[in-house]
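For clarity, chains are labelled A, B, C and D in written order, and residue numbers in each chain start from 1.
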Amino acid sequence: MNTPLSFEQQLSLLDERIEKSWADILENSRLVNAIREGSVSKALYAIYMIQTFHYTAHNARNQGLVGVRHADNPVYAKFCFEHAAQEVGHEKMALHDVMSLGLKNEVFDIPPALPATDVLIAYLYWISFTGNPLQRLGYSYWAENAYQFITPLIDSLSETLALKPAQLTFFIAHSDIDIEHFNEIKLMLQRTCKRQEDWDAIATVMETSLRLTGNMLEAVYEQFEAWQNGLAPRYDFLHALDNQ
Amino acid sequence: MNTPLSFEQQLSLLDERIEKSWADILENSRLVNAIREGSVSKALYAIYMIQTFHYTAHNARNQGLVGVRHADNPVYAKFCFEHAAQEVGHEKMALHDVMSLGLKNEVFDIPPALPATDVLIAYLYWISFTGNPLQRLGYSYWAENAYQFITPLIDSLSETLALKPAQLTFFIAHSDIDIEHFNEIKLMLQRTCKRQEDWDAIATVMETSLRLTGNMLEAVYEQFEAWQNGLAPRYDFLHALDNQ
Amino acid sequence: MNTPLSFEQQLSLLDERIEKSWADILENSRLVNAIREGSVSKALYAIYMIQTFHYTAHNARNQGLVGVRHADNPVYAKFCFEHAAQEVGHEKMALHDVMSLGLKNEVFDIPPALPATDVLIAYLYWISFTGNPLQRLGYSYWAENAYQFITPLIDSLSETLALKPAQLTFFIAHSDIDIEHFNEIKLMLQRTCKRQEDWDAIATVMETSLRLTGNMLEAVYEQFEAWQNGLAPRYDFLHALDNQ
Amino acid sequence: MNTPLSFEQQLSLLDERIEKSWADILENSRLVNAIREGSVSKALYAIYMIQTFHYTAHNARNQGLVGVRHADNPVYAKFCFEHAAQEVGHEKMALHDVMSLGLKNEVFDIPPALPATDVLIAYLYWISFTGNPLQRLGYSYWAENAYQFITPLIDSLSETLALKPAQLTFFIAHSDIDIEHFNEIKLMLQRTCKRQEDWDAIATVMETSLRLTGNMLEAVYEQFEAWQNGLAPRYDFLHALDNQ
């Protein structure tokens, strides 16, 4: 039998897997490339932010669901409910930022989530509803620590699209919140993860949810191409942004 | 069409129904009579507190469930999750108080909830899972404001059984918490209840959950009688309290 | 340790508890008395059948839920899904029978379930969602074998109200179906119940769901009295039946 | 406004999308290539069948869940429960076929589902739990009609691995069942799909669940490569098949 790994070693293993997954996403994502090259358009960014609106609207709910199911561990259940309370309504920031691109006078229905976004949402409910109670911490672990990877992209994007801070409320709010959240999550991992199988479940959910997010990014770009070719009628309203 | 009732009028109507329901319970409950007459025994009180342990263990969960289902109303969802976070683990106080009666050296399984307790638990999940999202506030409205009815009973009980404050952690903690909670609940009613049908749903859940609690009190007494007659084997361990 | 009881002995114990519970209900129910004395009115019967409509609408659903949760026992899960398939839509017969009393030309909303009916529904979901997978068989055991108790009442009722068979589709259909169902349920008990705790869970659910049904019958009578006194506005449409 | 499409036209559109999706899967899947080239090994096939075991174990459950949620449409609910009843326990055939490869004397835990398999399972629950009630028919539509695509692969596989019919119970049973099921599904589509948005929801679920199945096939091959390189310890027991 192996010596159990220390808490710091476990975190290092998680960090390695995150870095590798992010590297794959950043390298292969056409959305990321468009941002880096300065060729991102408002429409492409809007399609992405509409997905952000959709999955964010479920984050408080699936986080709360973990507390509902595992209230027998008071430390963890309290964390789940408090974290859920903090996440409530954040999707409205994503929607605000979409509207601020120049859509305030448009009349449109928000398009439903893309299938790849629905798959991410479905997976987050599933791992919140069943399996190891702690495993949703794997999603939080990367999501609350994503700003090192995302900040350069946001900076580039806001420069290309000439976005003001008041148009980036979702990302600005989260970069502030998430540092504190990330520390809470590390503390929660330290207090609750006792067995190697806890760490394994967390690592699997972490990597899988990150890769599903990568799939969503690629689906955003595919939808953007379809939109350019007139094949995404639900996004036709985005042509209002064409010459802004 | 009638003039809509003011917020204060709605609360008065709720208060009237609560008072009437409580009066019925206090008048008919053999458990309440035993407390008032000073004939309550440790075993009777323990059977009651074991039911309290059971339903309390579900309160954070069904409160959180309301937030999971109705996260589209951020003010209310945030309240639900925060309230759930505050309720987590309170059942452990009920259990502590049972043990402190003189059971710390006994070996026993906690008996399962009585059917009447299960019915209360089932109803609270049902009204949290379905129907008007606001209706669970009807349960909170009476439960967080029960201390005017319960405090005289607790005082009498603690005198009869010579209980110290350290043996009454559940009730002492809740009487402190609940004043604040009750104000939050009134504020939430004021902010969220817009239609008469909201008030109707709240009133129905309020009265029904209070009457089911009354049924539970009566079932406690029936179980106590069965125990005295040797017909409640799961509670046999309570004979350790007989001559204390 | 006691010798385990035989299957026949277990059924006898269930039957004894059913008979005792039914005796209590039949003796104390004012609705039953009104039927027996020939004083039942169409309105009183309609209030009862509207409750039947409500809880019956959930029976296929909570029966199916047991299969969803316990698909690891193929024999039992298959039974649950097949039984659910057979129960689908039966509430429409109850509604048909209400309408046939003389309401076909009336315009009204079906009143929501009474609180006592909601409590029964809530309990049936709860015991289907959680606890011993086999326990819902306790509900089926009495409900599919209720016709010995109910048939004399239906006969008396149909005579008093001069109802034709085409106005009693719910009861006629069920008395045919239920003999077959009851044999299936006994077979399922025989194939699945292995431990005393299975039998205990079944007995508890059996008695509790039967007593909650008794509470519902009493609530029907209370609502009828309220209706007579003009205090049940949702049932005002039943005055169309007054002189029929 | 466009003329609504006929039922046959709707099916043709579904068929076109299925064919395109299957073509992508068959072309890109390394598992499919290995089968076609006759290079598939027992271990590779076993890893695939273990995934089949996992997702099949959920099919009756998520099918039944649709009935639980939508019992207000009796035709459809009855279909859902009956279909669920027929699917119960089929995962045991998949497991039997794995064992029959030469594992009957091995002692091992069945490895948990691969993440890609979990994602498929999660998605099927999600679309069964929420959204358009009819949309799960999109999964059935391709899954019950997959044998035209799969049969040549099974034939090739059974030749390469010298499998007897008694070792292919899962596929043989399903190819028989599924012809009848497929006709039932077309009948159900005809009876229930009334609006273009029903067809859209069905098409989305059909394509997404098929593509997630394709992702699962690719994940099987990746796991096989990991196993060959000693990096999939949970599958180490498959080395018992190496020289059979």
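Note that in this section a contact is a pair of C-beta atoms (placed from the backbone, for glycine too) under 8 Å apart; a residue touches a chain by one contact, two chains touch by 3 or more.
As the structure is a computational prediction, the values presented were derived from the model and not from experiment.
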Taking each chain's C-alpha mean as its centre, the one farthest from subunit B: D
Centre-of-Cα separation between subunit D and subunit A, whole angstrom: 29
Centre-to-centre distance between subunit D and subunit B (centres being mean Cα positions), rounded to whole Å: 48
Centroid spacing, where centroids are CA-atom means, of subunit A and subunit B in whole angstrom: 39
Multi-chain contact residues (two or more partners), subunit D: none
Arrangement of touching chains [line / ring / star / complete / other]: ring
Interchain contacts, given as pairs of chains that touch: A-B, A-D, B-C, C-D
For the subunit B and subunit C complex, residues of the former touching the latter: 115, 118-119, 121-123, 125-127, 204, 207-208, 212
Residues of subunit C defined as touching subunit D within the complex: 57-58, 60-62, 64-65, 67-69, 71-72, 74, 77-78, 80-82, 84-85, 88-89, 92
